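Two complexes, one shared chain (subunit A), two partners (subunit B, subunit C).
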Partner chain A sequence: MSEFDVIVVGAGPAGASAAIKLAGSGSSVLLVERGDPPGSKNVSGGVLWGDSLGSVAPDWEKSAPMERYVEAKGVSFLTRDSKISIDFRSKKLQERRSGYTVLRTKLDGWLSKKAKDAGAMVASGITVDKLAFKDERVIGIEQDGDIITSDIVILAEGANPRVAINSGIRDRLKDRDVAIGVKEIIKLPEKTINERFNLTSSKMGFASEYVLGFLEGGVKAGGFIYTNKESISLGLVISMKEMRENNNTRSFDLIEQFKEHPYIAPLIEGGRVDEYSAHMVQEGGLKSVPQLYGNGFMVVGDGAGFSFSNGMVLQGMNYAIASGIAAAESAIKAKIKSNFTKDGLSSYEERLKSSFVLQDLMNFKGIEEVTWSDMIHRGIPNMTEELFLSLFSENGQPKAHMINLLIRAMGHSDVPRKDMVINMYRMLRRM
Partner chain B sequence: MKIEDRLSLLNYKTDKSYEHITINPSICETCPDHFCTFACPAKCYSLIEEKLNFKYEDCVECGTCDVACSHGSVAWNNTKGGHGVKYKYG
Partner chain C sequence: MGSNTNTGDFLVLEIIVMIKQVPDSQEVVIDPVTFTLNRGAARNVINPADENAIEAALRIKDKTNAHVTVITMGPPFAESALIDCMSRGVDDAVLVTDRAFAGADTYPTGLTLASTIKKLGKYDIIFAGEESTDSSTGHVGPGVAEFLGTDQASYTSESWYEDGFVYAKRELEDGTEVVKMKPPTLITVLTNANDPRRATLRKKIDAMKKGIKTMTLADLGMPPEWVGLRGSPTVVKSMRTIDEKKREGKKFKIEEIPKLVDELIEKKIISI
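Presenting the complex of A and B:
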């Protein structure tokens, strides 16, 4: 007889959601978190997209500590001197549902409390060393030589999955699996944020991704700016592979280059940096998804490689929550049948495959090759800059047709025309 | 803003009896790239008189160095007992 039905390792959105769902259905659950309090070690951009939380906390939009609702979503290319943007704003985004900006210490603290209220035992400040095995089956967790037993362990460790690695159920991470995320929280008065980002109220927010085509040494990175109530989350996601190939700029210096850009600096002027943070970001797509379940265990959230990025949106927490819920449902089913083997937990993968979690990863297989391509980071920014300079300047010379301007602009892209066309086709297909 | 100033904004509960990351100096001595000094976002790795210096106290536990070091010098473990970085916002 095990001490718990389920032990969940990690109290981020994935783990806490699984624990809430399981405890709510009457299972005995231990939620173990190495941070004390829960949330204090967790970092994300971050925007929580969609309505995944609805199935663990129906009243979440009223009760969860959300910052602002995304009413304005941007996508920009930055060159040294220019900013080329889509700044999408729509009253319809409120009906269609976008996302909320969040701060993780608050959100994860709230989720852990929900888990506790639902009946889970929450143990924070406890670091799990590895999974405990018996006869090739997971029987619980090991911590400082002690074993705590459960029928099932759900690993929700986040982007740096040490327990899974230490337990030999997954490989170590490679360059292609991750990017380096760095972030600052910049304090600004609520009213200033509303004015600078042209927001209709203090409840409404702005979220934008930036392709940074101008960084020193040609390192490829994406930037983000999200507005919280009284602060701005500003950060960078830097390709590990690109960093290694360049090996001449330091990850912690790049964020300054983003902040000093002529069209970013005015947005944060007068703001006070209140926190600096860094975390790895899952970036590998389907190729980076490890073994998802086995005898007595399931893997959820970032630790399972569940994130989505197509250069225009960056999502992770919604996949985390949905996968946590899917694992909880599979655990409940396994308990009914008293079958905790790999076979008994196989419905977990089926659930993921029939939901957006694995479908998005499968449908956008290989997208990471596009998002980190020369075309996105140099070709398109340089080309569109030249095109718009031609279109929007006036020097008394006869005007050229659009197609000629476009062909000429392509010559300024630093990427061979042939490669541009091939890449453009590939991008449209994969997007 | 200098990285040192950014790090000074952070709260840590430093574990004086346990270094959660250790390096193997003999491997670092012959390292051709010292990629860790570029990749680590908390500047825990630096070259002082051509010798690699590592301080675990500033670590934000992101895991980057474990992926960055391709020479097998970094031994990475989670902090224990709630020690390490404590974010205000996250």
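Presenting the complex of A and C:
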């Protein structure tokens, strides 16, 4: 007889969602979290896209600590002197649901409280060592020499899956699997944020991704800015491969360069840096997805490689919640049949395959090769800058046709014209 | 007076640890207008010296048949600090909480805690942290000893129990002294006196299942005018914050270190 029906390791959106769902259905649940309080180890930006919280707590819009509704979504390419942006604003975004900017220290605390209210036991400030096995079956977890037993363990460890690695159910992370995210939270008055980002009210927010095509040494990194109620989350993500290939790259130097860019600096001027943090980010795409379930366990969220980035959006929390719910539903099913073996938990993968979680990863297979390509980071920014400079300036010379300007601009892109055309075709297909 | 005046072997040594939950000192700022501590965003933690007091108690329990009870006076959310103590090996926890206790300075706080300890019954050793990071008076521990009429040893870095006696090593300005005391006695423990053990999941689960006990003013049977703000003789007349001095900043490259040293000498920041 196990002490708990389910032990969930990690109280981020994935783990907490699973715990809420399970406890709500009458299962006995232990939710263990390394951070104390939950959320304190988290660095995520971030934007919670979609309304996946609805599947966790139907009343979430009333009580969840959301910062601002994303009214404006940007994608920008930065060169040393220029900024080329898509700045999409629409009243229709609200009808179609975009997302909310969130501060995870608050959101994770709220989720844990929900789990507790639903009847889960929440133990924070505890680092789990590894899974406990018996006859090739997971029977619980091990912590400081003690074994705590459960029928099922759900691993929701996030981007740094120590327990899974220590337990031998997945390989160590490879460079290609992870990136490093660095983030600052910069305090600014609510009104200043509304003015600088042209927001219609303090409930409305701005979220933007930036291709940082101007970094010293040609380092490739993707930046982001999200507006919270009274602060701005600003940061960037750089792949481990990129870090290694540019030996002298230091993430804190890069974030300074980002902040000093002529079109970023005015946005944060006068702000006080309130927090500075760094964390691993899942980068790998489908090929980094580990074994998702086995005898007595399931893996959810970032720890399962469930995150998505196509250069336009960075998403993780919605995949986390959806996979947490899927694991909870599979655990409930397994409990009814009293079958906690790999076979008994196989519905987990089926659920993921029929939802956006695995479908997105499959449909956008290989997208990371595009997002980290020279074309995205140098080709497009440089070319567009040159094209727009030709179009929007007047030098007294006869005007050329657009296509000629484009061809000429390609010559300024640092990437051979032939590669540009091939890459652009590839990118459009992958997206 | 304490309930144990005899020496010799106790069946079970009763140890009490007094703790306080404080805002994490690294996250607290003083509001420049109201001069009060802005605890808003700061998370609450066990006062650092109290963690050392817990560890001191648990070290005695490691070697002796002892029962450790942790007590705190505070708001209901102080429960998390008590559960944390139990997750490290403390047996029982008592939260002394009542609206009437609000605004207490160190005098009624000591009195309230002493009353709580008396109510709990037998006590042999009482531990407390030397002082709290949020008010740094160091009054409460010694105050409780006075109210209970026990011996006390302050500024201790180490303590142990042997053959019916409590020994405590006190760190003084000109050396250390070891005092030998008959229980009951009160010991205040210096910050960083020891390396506090961490909570374990097994103990945390047990703690959450067991829960804490709560006591109110009515349980203590104290007159309301003895506690809280009404029982506090301290009056804060004013408070000043000290503005941080703007420092001159300058960057030097690795190869310019000799230049940096020259400048530091020139500005009389260092001398050779």
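Rule of thumb we're sticking to: the second predicted complex is superposed on the first by the 431 of 431 C-alpha atoms of A that agree within 3 Å, B and C clash if a C-alpha of one lies under 4 Å from a C-alpha of the other, contacts with A are read in each partner's own complex, and residues count from 1 in each chain.
Assume a contact is a pair of C-beta atoms (placed from the backbone, for glycine too) under 8 Å apart; a residue touches a chain by one contact, two chains touch by 3 or more.
Not measured: the values here are computed from a predicted model.
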item	value
Subunit B versus subunit C as contact partner of A:Ser40, first or second or both or neither	both
Subunit B versus subunit C as contact partner of A:Ser277, first or second or both or neither	first
First (subunit B), second (subunit C), both or neither touched by A:Gly125	both
Which of subunit B and subunit C A:Arg162 touches, first, second, both or neither	first
Partner with the higher number of touched subunit A residues, subunit C or subunit B	B
Touching partner for A:Val32 - first (subunit B), second (subunit C), both, neither	second
Subunit B versus subunit C as contact partner of A:Ser85, first or second or both or neither	neither
Partner chain in contact with A:Ser55 - subunit B first, subunit C second, else both or neither	neither
Contacts of A:Phe252 with subunit B and subunit C, given as first, second, both or neither	first
Where subunit A meets both subunit C and subunit B, residue numbers	40, 125-126, 144
Residue ranges of subunit A touching subunit B (in the complex, touch as defined)	34-36, 39-44, 103-106, 108, 124-127, 144, 159-160, 162, 172-175, 177-178, 180-182, 184-185, 231, 240, 243-244, 247-253, 256, 273-280
Contact set on subunit A toward subunit C in their complex	3, 30, 32, 37, 40, 121, 123, 125-126, 128, 141, 143-144, 146, 148
Interface residues, subunit B side, partner subunit A - complex	1, 3, 6-7, 9-10, 33, 35, 37-43, 60-64, 66-68, 76-82, 84-90
Touching residues (chain side subunit C, partner subunit A) in the complex	43, 84, 87, 198-202, 204-205, 208
